[in-house]
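Both complexes shown next keep chain A, but they swap its partner, so chain B is in the first and chain C is in the second.
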Partner chain A sequence: MRRPLRQRLAHGRRIAAVLLSSQYAYMLEYRAEIVLWALSGVLPFIMLGLWSAVDAGGGLGMGPLQLARYFLAAFVVRQFTIVWVMYTFEEDNLNGRLSPYLLQPLPLVWRYVAAHLSEQVTRLPFVALLVGLFFLLYPAAFWWPSLSSLLLGMLATLAAFALRFLMQFTLTMVCFWSEKASALERLLYLPYLYLSGLVAPLALYPEGVRNVAFWTPFPYMIDVPARILAGETVPVGQSFAAMAAWAALFLPINLLLWRRGLRHYSAMGA
Partner chain B sequence: MGRYLTTLRVFWIASLTAELEYQANFLIELVATAGNLLGSIFVLSLFYGRGQSLGGWSWEGALVVLGVYTLLEGVTSTLLQPNLSTIVAHVRTGSLDFVLLKPIDSQFWLSARTFSPWGLPGIALGAALIGYAAWKAGASPAPLTLLAAALMLIASLLILYSLWFVLAASSIWFVKIWNATEVLRSVLVAGRFPVSAFPAGLRAFFTFVVPVAFLTTVPAEAILGRATGPWLLAGGTVAAGSLVVSRWFWRFALGFYTSASS
Partner chain C sequence: MAIVCAQGLGKTYRVADKQPGLANTLRHFVSRRERTIEAVREVSFSIEPGEFVGFLGANGAGKTTTLKMLTGLIHPTSGTVEVAGCLPHRRQAAFLGQITLVMGQKQQLIWDLPPLDSLRVNAAVYGIPPAESRRRIEELAEMLELGDELRRPVRKLSLGQRMKAELLAALLHRPAVLFLDEPTLGLDVNAQARVRSFLADYNRRFGATVLLTSHYMADITALCPRVLLIHEGRLFYDGGLETLTQRLAPCREVRLELHEPMGAGAFVSYGEVEAIQGREVRLLIPRERLTEQVGRLLADHAVVDLSISDPPIEDIIGRLFHQGALA
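Right, the complex of A and B next:
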């Protein structure tokens, strides 16, 4: 007995609205913590300091303004692609909160997606404040991306978030078999840190490393969206196709592991 | 003093036994630490590969700085993080009461209660890198150099400890301060590079506001045998000062502790 499509859509919209607004209210309670998390993303600014001091000698192939804009955009992209589902899931699993969640007639993953999205909205004003401060300290670097690159950059950031969420959620499934699965996230974070473009624009990498990097999913998570926002030319179609291909690879693995994991799940303490 | 040493041994054997339940973690930590080190060396090579240098430091000198940083990271995950991260939970649940009632110094108990072996790969790799890079840089193991290096490393450990402890102790007022140590950790990443590689404004920030310079650059100078009297004196003074401040801050903070639910 399937209800008509329109009814199902309306139902889904209502659930989404309730989930998002309740999670947003919850995240607002923790806004002080979220501000501190946002502050702990200062790595791009530290790297900007190093690269601009090196650039004083010239010969980087990237001007100081271009560097400043890239790293500011990388900071913003990083702020809206942070994923922590593994830690929450592990905690929910160990504390036994997972069982009541699983009883609800809603796939569990949407609860975590809603939590991440609401956390990003909570972050938004603070990130805007930091960007304003950056321009105040470094007015020469001020720029505003054109409407098309702004929209495209936001879309690429959202896609990067979705891909990173999918990858981490796939790894999260190990929680069904192990109590300390979050240690694995450290291993996933390593290639992300060094290949995504957080420490340097990929344009400054040696050509061999760069070519290999673009065969991994990581540069699409920071470097590509950041360059779009900074107004540089990026092979847009190719990048989105690569992200879609990686998502198509991880989604079936994720679903398979989720089914297997649920069958294995026996609640903590059982 | 003897009582403290005995207690320390009991504490660490107990926590080691507990942690060794998760042996697979050791392998993961080893791979993660080695991978992180390789990544950092790669980032350094991005700077040096194009014939530039970081603030006038040679490649080997920069590797010594990175080695000191790796060593400090190892100490952080062996001692600082596992111990000091529990202060906030003690404050929230009120179990700090029991800590305060024990016939042993509360700052000692909170700072040394557990020992996590997962940072040991970092300590070993950091020490190995320091030794290799210092040898490559042609540093002579003269007794005076070794003495200065040891002193500056101890000073840097004391400064790092005090920074962490003061932040963690602020949870007496702000229960949600725990993330502040994440902010500290992310700022300390700057210590992977010689402080002279930064533009003037940041250099001042990393010397006077968050003393990153004294954590890695000054010890590296001492290891390379380039330590000068004023810097050694400054390192020692900052270390002693921050230890005294952390001690005083804990006494001060305890004055505001009212236990949970009151």
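Right, the complex of A and C next:
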């Protein structure tokens, strides 16, 4: 017999709180590694230097301040949308750690979601430090996003994380059939890098490429939230609708692959 | 009514079949060959609530595969299985809340945190109220003789302490059916004895049903009045341990360290000479003649050291199957 909704919600809240706090404690044990990961995400700053040099003549159509703010926002968005579920899942599968989790009455995905969210919280102070350092070195670029831009930007970043997580978790299901499924993610990293806006704002791309890019899920993972945070005009409704549409496409595929994968699961290493 | 019921259970796997060498590697890359392995074949048995059953077999006999099917981790290729009134592979919450699987070499505890953190997660996942979970942790910790260890990072615990903490984590939700796969593997003799006495106590106190696999005959003899014996995926024996012991291990292994090396001929009158290496001799002596023969050995030879043990169960089973004793 199903428990009343209120009881189920309270149960869910307790699981969330305990999972998040234990995962946060676990991440704190690896804080030095997380700092290094945060530092390794400075690609947008390198691209800023590169594009600033290219734009010395001012022919790109984006002012230097606009460019600096975009790349700073892209750095922040990237830090909070990093997803590594495939690598952890693959390792757990190969080492036989998946089996004890599969035998508990909690969908496995929530453990990984909690791990990612806890890692983001651990990452937060270091990201703030790097942002502060950026403004110290480049004070002219300082800006406060408006409250609406900030809230919308945060929402878009959260949605971008959710979409990226869902996409990667769907690919992760290949782990049930292949021991090296993470190669797929490495392959997908290229279009992600190019089309997400991490190496350049999509506004700088030729119109044809830009149009194609917006038919993929990648621009919504960096470009759109970064531009919202940088205070640029973005078709917000259309962007959120596109993210919802991609999620609606991936979710059933994910559930289907999960069910099929479990049938195929051989409990390796256990 | 049986709490575990398997009928004609079978599982086949497809595995890659590759020969060594560069040419074979390239051949395998172009044209991958696979073969089918029948890990479990037509296995049927049932277990009543509260029973403590040993599950024996050599490595690769199909024990772990059977346990994985009983817990719902893998789907059977053929046959049916029902545990606690549920179909395991459906992995419904009602089923998962009633079972546990402990694997000696695998862990569910978070490596870098104290076991108490993992226990807190388990309590939340299984919906055990905080006060009740504290009470259960205290009770189980006392039974397992665990104290401060629960507040130390798992990576800092000894193998024995870690195994006990794993058991605590696996039993916090008080499952009705325990599947234990080599829970004493790698533990020293004292830790093995403590885990054994805990399992016996748990079975008595909570009326839990236990299916235990172990390579240590001592685990089986101490805990399991009934045993299942599996070989090459087939169930060969289902019955009392005593009958099986008489059929399987009528002898005990006597290890001698002599003052000086001697030939095998000097020992044939005491029992079967298993091996002689330098000053070390291994003999198999029938149980009923053990005292008499050990007395003779000590009187007849200059013995520096002597130990008596059950031969490894794997050896006994292997030898018996080789001889066709159970076929």
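One rule holds for everything that comes next: the second predicted complex is superposed on the first by the 268 of 270 C-alpha atoms of A that agree within 3 Å, B and C clash if a C-alpha of one lies under 4 Å from a C-alpha of the other, contacts with A are read in each partner's own complex, and residues count from 1 in each chain.
Quick note on the criterion: a residue touches a chain if its C-beta (ideal position, glycine included) is under 8 Å from a C-beta of that chain, and two chains touch if they have at least 3 such contacts.
Every value quoted in this text rests on a predicted model; they were computed, and no experiment measured them.
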Now for A:Arg186: first (chain B), second (chain C), both, or neither, which partner does it touch?
first
One more residue to check, A:Arg97. First (chain B), second (chain C), both or neither?
second
Which of the two partners, first being chain B and second being chain C, lies in contact with A:Leu19: first, second, both, or neither?
second
Should A:Arg259 be classified as contacting the first partner (chain B), the second (chain C), both, or neither?
neither
After lining up the shared chain so the two structures overlap, which partner does A:Glu29 touch, if you call chain B first and chain C second: first, second, both or neither?
second
Is A:Leu106 touching anything from chain B or chain C once the two structures are fitted on A? First, second, both or neither.
second
Common ground on chain A, meaning residues reached by chain C in one complex and by chain B in the other:
30
Which residues of chain A touch chain B in the complex?
30, 32-33, 36-37, 39-43, 46, 49-50, 52-54, 57, 59-60, 180, 183-184, 186-187, 190, 193-194, 199-200, 204-206, 209
Can you name the residues of chain A that touch chain C in the complex?
11, 14-15, 17-19, 22, 25-26, 29-30, 96-97, 99-106, 262-263, 265-267, 269-270
Residue set of chain C touching chain A in the complex reads 13, 64, 68, 71-75, 91, 93, 96-97, 99-101, 103, 106-108, 110, 112-113, 117-118, 120-127
Quick one: which bits of chain B touch chain A in the complex? Just the residue numbers, please.
22, 25, 28-29, 31-32, 35-36, 39, 42-43, 46-47, 49-50, 52, 54-55, 174, 176, 179-180, 182-183, 185-187, 189-190, 193, 197-199, 202
